[in-house]
Every structure is written in structure tokens, then in C-alpha cells.
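Both of the next two complexes hold chain A, though its partner changes from chain B to chain C.
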Partner chain A sequence: MSLLEAVRVGRVFPIDGPQKRFEALKDVSIHLEAGESVGVLGESGSGKSTLAAIFGGLDRPTSGQVLYKGRDIATLKGGDWKCFRQSVQYIFQDPKAAMNPYFTLRQVLMEPLKVNRKELSKAQMVELVEDMTARVGLPTSILSRHPDEVSGGQAQRIITARVLLLEPEVIIADECVSALDLSIQAQIINLLRRIRSATGASFLFISHDADLVRYFCDRSYVMLHGRIVEELGQDLSASAKSEYTRMLLGGL
Partner chain B sequence: MRRRGNPSLFIGLILTLLVASLGIIGVLHSPYDPEAMNLMQRFNGPSLEHPFGTDHFGRDMLSRVMMASGTALSSALVSVTLGALAGIALGTLAALAPRWLSTLVMRLVDALMAFPTILLALMAAAIFGRGLLPSVLAVCISMVPSFSRLTQAMVMEGRERLSIKAARAYGAPAWRIVIFHMFPPVLTRLVTQFTSAIGGAVLLESSLSFLGLGVQPPSASLGMMLSEARAYLLTYPWQVLPSGITLLVLVLGLNLLGDGLGSLLTRRSADGL
Partner chain C sequence: MDSRILDIQGLCARDSVEELLVDVSLHVDAGGRTAIVGESGCGKTMTLRALLHTLPPDVEVSAGRIRFMGEDALALKGEALRKDLYMRIGHVGQNTSENLHPLLKVSRQLTDFSPLGRKEALEKATALLESLSIKDPGRVLSSYPGELSGGMRQRVNMAVALMKDAPLLIADEPTSALDAHVRRQVEELYQGLCEREGLSLLLISHDLSFVRRIADRVYVMYAGRVVEEGSLDEVFGEAAHPYTKALASLSGRRSLDRTRDLDEIGGSVPDKGRGDPSCAFSSRCPYAARDCHNALSYRHLGGSHYVRCCHELA
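For the complex of A and B:
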């Protein structure tokens, strides 16, 4: 039984225009085991982000199911849903937009604790937040700033800290470094690798960058027009069979 | 980055408070009865007894300006508040309702927007008679479209925002998302819009009373005082100044205040809210 699994998932969006509907995902099946890092590789518009949203329960599939430890997440209720919600967390592409601009970074980090760890006292929460800030490599003095007063790399570290505070089993990183400079990209990726070995969390790593996927993932899927076209091992190009995958690996 | 200083907020606040305090003092105590005529004192320029001079009926113009400022501000506040509430309700409805209903609501709002306010005021006057009430009603209705469009756009955009998706992802309950994540940027915009709309409403109410559709004599309103003074523009030009300058200061002050509040409150919104 996989930790998290998508079974023949489809997602259709109603749109304006002659077709009336747009199939963002067609019959997609992927699985993620505990402690594993899986890449999803594809061009923009291939359905990667839709898959990410559905895989973590932010969006509902129009067909098929998502199974968390063997149970369909559409049937989870109350405590079970909260538990699932807490154990699958997201790191988004644009870290600043993923924070409330009216919050200080301290408030940004406190909110998930206030929502999910009500048993903690305020002082314990502050301590957790400050520890975690240090762990992602930021000084605690930064916490009194607002999201528009820090750099993109610092913001992505804060988002990473926010995710880690909930001790998730699965982290879905949707193009989490694409908006950053190359040198900062490397810093964040290495931070994620350190976290992975420290916490044993599983990663669904979504990217259009084959090099990043090769560096970060144990295996990966290639998506095209809402379908999985190929599954690759750690060494992407060696196992690539289809024409499209070779073109993608060569071209990017 | 923190911006240092905010001159439009500062100047706007001072100008607005200046006229507002005139109005408030006028309600509590005015130097003369604003409606008392004294035909011996017609067309007197400014003096110690009458700092703003007297008009064609010998009425003290300071007292009249005080009364008129109070009326202008309070009627603008009432009409904009009611218009904004209706607009916010319609906008929220249009953003959340099924497609056919939201299209219906927004096309109605468009139709309202295309309707000239003066015509609206004429219709209101035809139904309710002339006076303050129909002009407040007309101004109130004319405020609905801008507020409903703003609210609709902000609610629709807010639902798609990444920070809200993120808050859902870490399990924030709906009430928390609405109060802490959706409301603040909307409130910011609405406060700004509200302040500028009051300026617009003051001007609109003055134009209506200038045309004789608003406050009726012998009460005082800024627009009506201007219209009365117009008859004596060549022989006693002083008469247009008290009401004209008050109106100018008030509308300028409110617009500057709106701008200043806007830049004060939106500086946090790096993601282009």
C-alpha cells in the first residue's frame, strides 16, 4: 500500500469557448511511497499543477480517486481529514504570494500552529517558530518583517519552515525554486535535501527542469497534455524511451 | 519598503477636519441664525461682526456656510454608507452566485452606471418632491455601481489567491480565512474608495442643490448658496467666495485623504492587491 496514490485521476474544467470543457488530467495514476522523492517533469500547461492540487486534496478530481494510506481522501471526514490535511503540505512557486501580506513573518509561521496544534501554549509556539527559523538558516530577527520586506530566497525558506512546523509526511513542491535566482535555487534545493534526510518526509517534486529533478528525485514521471507518458528511474536520460522524453531532457 | 511621510494624508486630513469642524460647531452653536434675514445688512463684505460677510438677504454667511457644511458632510456620509452597503452586498452576491444570477446582477449594475445621476435625481424629485431626501437617494444609488464592481472583483480575485490556497493547505478554517486573509485587502480598498466617494457625493449633492433639486430654501447648502450668489456675481462678487471656497477645500481635502489612506494602507500588499 502506497503512502499517497492517485488512481486513474481525471480533471475536467468547464471553460468558455466551443469545446466548453478542458481536460487538464486524463487517466493519471501515480504513487508515492514513504520516504521517497518522486519528480513530475513536464512543460507548462501539461497538467502538473492540477495534479499537485489534486494529489494534496486542494482540488477534487472529476474522475478517479486519491488514496491516502489506502483510503479514498474524498471519504475522509472530521479528524481523519484534518490528519490528512496536516500530513500533506505544499511549497509553492511564488513564496511571497503564498503569505498574507498583512502578516509579519512571525504571524505567518504561527498561524499553522494556532490552527493545528491548539494544545500548545503561546510560549511553546514561539519557541517552535524560532527554532524552525534557525533550522532553515534565517536569523530570528527577520520574523518581525513583512513578506514584502524580504528576498525571494528568504521567503521560500520561511515557507519551508511553515511546512516543516506541521511535521508533514508528504511535501508537495510545485516549481518551488523556479522563481528564484540560480544560486538561491541551489541553496533551497540543498535545504530541502537536508530536511529530507533529517525528517524522512516524502516529496512530490514538480518541475520543468530536468537537472533539478535528476538531482533531487529517486524516480520521476513525465507528463504531456495531461497524461503520464513515461516513468523514469533516477538517471533520467538512460531510461528514457519515448521521443518526447528525450526531446524534453535534451531541450531543457 | 516603508515610505516616509504621507503629505496627501496629512493635508487631506487637515482640510477635511477644518470643514468638518465648521459643520460640527455650526450644529452646536452658530454666531447668527443662518436663516434670519436682515435687510439693513444686505451685501456687506467681511467685517468683525460677519467674518464671511452677508448675502442678498442680509444673512450671516459664516453661519450659513457652517450649516451647509454640516448638511453636505452628513448627507454625503449617509448616502455613501447606504450606497456602499448595497454595492458591497450586490458585489458579493455577484461574485458567489451561480453564473446566470451574477450576470443578471452585473448587467443591472452596468445599466445603473450608464444612467446619469442628474436624471436620477430629477426622477427622485418627481416621486418624492424636492428636498434633501431625494437628492440623498439619487446620490446613494449612483454610488452602488463602483462599490459593487470593486467588491465583486476583489472577492473573485481573493478566492484564487495563492496565500488563500496556502492557508487552506495548512488547514485554516473558513472563518479564519475570511477574517484574516480575505478581509484585510478588501477593507483597505473599500476604505479608500469610501473616502473618495464621500468627496464625489459632496460634489454631486452640491450640483443637485445648485440646480434646485436638493436642499430647499431657506435652509443652506453649498450648491444652493453658489447658485444664489451667481445672480450677484457682477455687483457683489464676494458672495460666491465663502461657499465656493468651502466646497473646494472640502472636496480637495477628501480626495487627498482618500489618496493618502490608499498609499498608507496598501503598502503591505506586495503581490499587487
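For the complex of A and C:
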């Protein structure tokens, strides 16, 4: 039994225009094992983010299922659903959209602890928050600012800190460093790798940077037009068979 | 006639607590391609926001001037602001969801402000999307922004900026969501526009290989200041600031070794306040020495190459 699994997932969006519907995912099956890091590659618009949202329970498939430890997440209720939502966390492509604009960054980081880690005292939470802020490479003075008062890269690091504070089992990272400069990319990736070896967290790692996928992941899926078209081993290029995949990898 | 389409001199900006930009001077030659590079949060976007009159409400320009096509850009108001600034600058913002209206179809956002007739405007929009490697422009045009993927939205954003045929294009991290293949297309498009149509470009990007292929002049910013400037060859060929050197060596990494951590520039920007005249990079600098804590001057190295560092590294 996989930790998290998508079984023949489809997603159809109703759209304006002559077609009326758009099939963003077609019959997609993927699995993620405990402790594994799996990459998703594919051209822009191929369905990576749509798949990630469904895999993380943020969107529902129009066909097929997502299984968490063997159970269809559509059937989870109450405590089980809460447990799933806490165990599977998401680092988005657009960090500011994921924050309440009226919160200070301190509140952004405290909020999930207050909900999910009720056993901690206020002082312990503050300490955890400040410690994590430093670990993502930000000064703690930044915590009194609001999301629109920090740069995109700083916002992305706050979101990363928020996810790590919850100590999830699965982290779905959708282009989580593509907006950042290389030094901060490296800082975040190094931090994710340290967290991974300390906690054994699993990753679904979506990126258009094939070098980074090769560096971070154990194996990968390649998407095109809403389908998985190839599965690759850790070394990517050595196992790539199709022209399309070689173009994705060789674009650099 | 002014040889500089955009000329920023001594720009300072601050919010209620601290200084954000300190004495930023930079220019774009008419027909030139200037790039600003530097760490996230160093003030690149803030500089553009001062020009575009889109600073956050509590941030104000406290000194300096900005001339754009001969006008005092900071003084423009109302109709003149629209006509003399917004109509003459194509702006590709960093955050695509902020820049596109969520409730308007892409086709309207591309054509509404075009001086062309509706039909021609649509044809032009379609051609632009195609040149940006969008395979089904018809569907994209009839979509709302929320129905597009991140990389598609980024390219729609670029197309919106190019619809105006403005003489200056400002692009803030225009390719961060795009794969290498599409990034090539964007490079070609920009190069073509600069060469054939005389477009001037102000580019912000953390992708140094993209900058290298497009820009002819580079500014390196750190903690709210320009720390090095010069032609592309001067700045990347003879990098004089330790921070520039560190950036360049990072972007050289391409075969990543899984057994090791990725290289980073250790430490972080100090909290000492950007107005402090000593070097803000010294706490992370391999060459740091006592002199770095004195007030630094901006040294001329020859040609158009300047650096804000007291070491002779060349």
C-alpha cells in the first residue's frame, strides 16, 4: 500500500468556447511511498499543478480516486480528514496568494500552530516560529510585516517555514523555488533536504528545472497534455526514451 | 535629444520604520537593454514601483529624481501620468495574478486598451501568444486568468505588456515559471523586438544566463543599494564586487552533486539598516576586513564600470 496514490484520475473543467469542456488530466495514476521524493516534469500547461492540487486534496477529481494509506480521501470525515489535511502540506507557486493579507507574517506562522499544535504554550510557539524563520534565512524582525511588505522571495520562504512548522508526512512542492534567486533556492532546497533526512517526509516535487529534479528526487513522472507519458529513474536523461522528454531535459 | 530613455538619479525610498532604497542611480539607454540583478528583497522591484507610482501606501520617495523620455516621472499626475508614463511603458509584473484582472477574459485584457480595431487587436494578440509558444491561443484568449497554468499566465502577462508597442518594456522576472525551451523563445522575441523595433528593455531577473544573453548593461543591487554597475562584459567578465562574484559562481553550478548540499551564499542580509554607509555585505564576504566598516565610496574602475567595495579584487 502506498502512502499516497492517485488512481486513474481525470479532471475536466467546464470552459467557455466551442469545446465547452477541457480535459486537464486524463487517466493519471501515480504513487508516492513513505520517504520517497518523486519529481513531476512537463511543459507548461501539461497538468502538473492540477494533478498536485488533486493529490493534496485541494481539488476533487472528476473521475478516479486519491488514496491516502489505502483509503479514498473523498470518504474521509472529521478527525481522519483533519489528519490527512495536516499530514499533506503544500508549497505553492504563488506564495502571496496563500497568505491572509491582513495578517502579519508572525500571525501567518502562528496560526497553523494554534490550530494543530494545541499542546504547545504560547512561548514555545513563538520560539518555534522564530527558530524556523532563521532557518529559512530571514531575520526575525521581518515577522512584524504584512505579506505585501515583503518581496516575493521572502514570502516564499515564509510559506516554506509555515509548512515545515507543521512537520507534515508529505510535502507537495509546486515550483517552490522557481521565483527565487539561486542562493536562496539553494538555501531552501538544502533546508528541505535536511528536513527530509530528519523526518523522513515524502515529497512530490514539481519543477521545470530538470537539474534540480535530478538533484532532489529519487524518480520522476513526465506529463504531456494531461497524461503521464514516461516514468524516469533518478538520473532522468539516461532513462528518457521519448523525443519530448529529451527536449524537456535538454532544453538547457 | 536625450540618449537615455530612463534615468534614475540618487533615488531614496523609505517606509515609516526604515530605508528601503539608498541612493539608487541607474539608466536605460534609448534602444539599450539594462538588467538589474540581486537577491530577493534587495530593492529591484521597489525601484520599479517608484517609477510606476505603485509604491505601497506607507513607502515614500525621500530623495532623488527619475526622468523618463525627458519628463520628470515622479511629478506626473492624472492624465499626464497615464499618457506620458503608462502608455509608454510596457510592464510585465512579477506576480502574474496581481497583474491580471481575475474576472475578465484574457482576450479583453489584451485588446481593451489597444488603439487598434477589435479584430486587428485580436489578430495581433493571437500572433503574440503564438510567438510566446502558446499552442492553443484560441482557448487561452477565451479563458479567465484563473483557468490558466502559471507558465501560461506569465506569458499572457508578457503579451499584455507588448500589445501597447510602448518604447520601454520593463520585465520583472518574466520567465521564472517557464522551462528552458520556452525561455529560449522569449529570449528570441525580446532580442528581435530590441533589434528590429528599437525597443528599450529594463529587465529584472535572477536567471543570470538569461541576463547574459539579453542585456548589454548590468546593475547589481544589494540591500537597497547599487553595489556594481557596468557593461555586461565588465560586470560578468571582470566582476569586482565579492557579491557579484558569488552570484556568478552560483549560476555556474549545473551538475549538481547529490551527495553534497547546494552552494549558497552563507548568512543573510544584516539588520543594521540600509542607510548605514558601511558595507552591508561584509558579514558574508570572504574578503571582509576592517575597512569594510568605514563609509564606502563608489569607485570608478574604468569604462562604465563602478563598484561599491574597498577591495581591489581584479
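Methods note: the second predicted complex is superposed on the first by the 245 of 252 C-alpha atoms of A that agree within 3 Å, B and C clash if a C-alpha of one lies under 4 Å from a C-alpha of the other, contacts with A are read in each partner's own complex, and residues count from 1 in each chain.
Keep this in mind: contacts are C-beta pairs under 8 Å (C-beta built on N, C-alpha and C of every residue); 3 or more make two chains touch, one makes a residue touch a chain.
Because the structure is a prediction, the values reported are computed rather than measured.
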| item | value |
| --- | --- |
| Touching partner for A:121 - first (chain B), second (chain C), both, neither | neither |
| Partner chain in contact with A:197 - chain B first, chain C second, else both or neither | neither |
| First, second, both or neither for A:247, with chain B first and chain C second | second |
| Partner chain in contact with A:75 - chain B first, chain C second, else both or neither | neither |
| Partner chain in contact with A:149 - chain B first, chain C second, else both or neither | both |
| First (chain B), second (chain C), both or neither touched by A:97 | both |
| Touching partner for A:182 - first (chain B), second (chain C), both, neither | second |
| Which partner reaches more residues of chain A (counting touched residues only), chain B or chain C | C |
| Intersection of chain A interface sets (partners chain B, chain C) | 94, 96-97, 148-149 |
| Residue numbers on chain C that touch chain A, as the complex places them | 15, 38-41, 45, 56, 94-98, 105, 138-139, 142-143, 147-152, 155, 173, 176-184, 206, 208, 246-247, 250-251, 253-256, 258, 261-265, 268-269, 271 |
| Residues of chain A that touch chain B when the two form their complex | 56, 58, 82, 85-86, 89-90, 92, 94, 96-103, 111-112, 115-116, 146-149, 159, 162, 166 |
| Residues of chain B that touch chain A when the two form their complex | 1, 161-163, 165-173, 176, 180-181, 184-185, 267-271, 273 |
| Of chain A, residues touching chain C in the complex | 13, 15-17, 19, 22, 43-45, 48-50, 93-94, 96-97, 137-139, 141, 148-154, 175, 178-187, 189-190, 193, 208, 210-212, 214-215, 247-248, 251-252 |
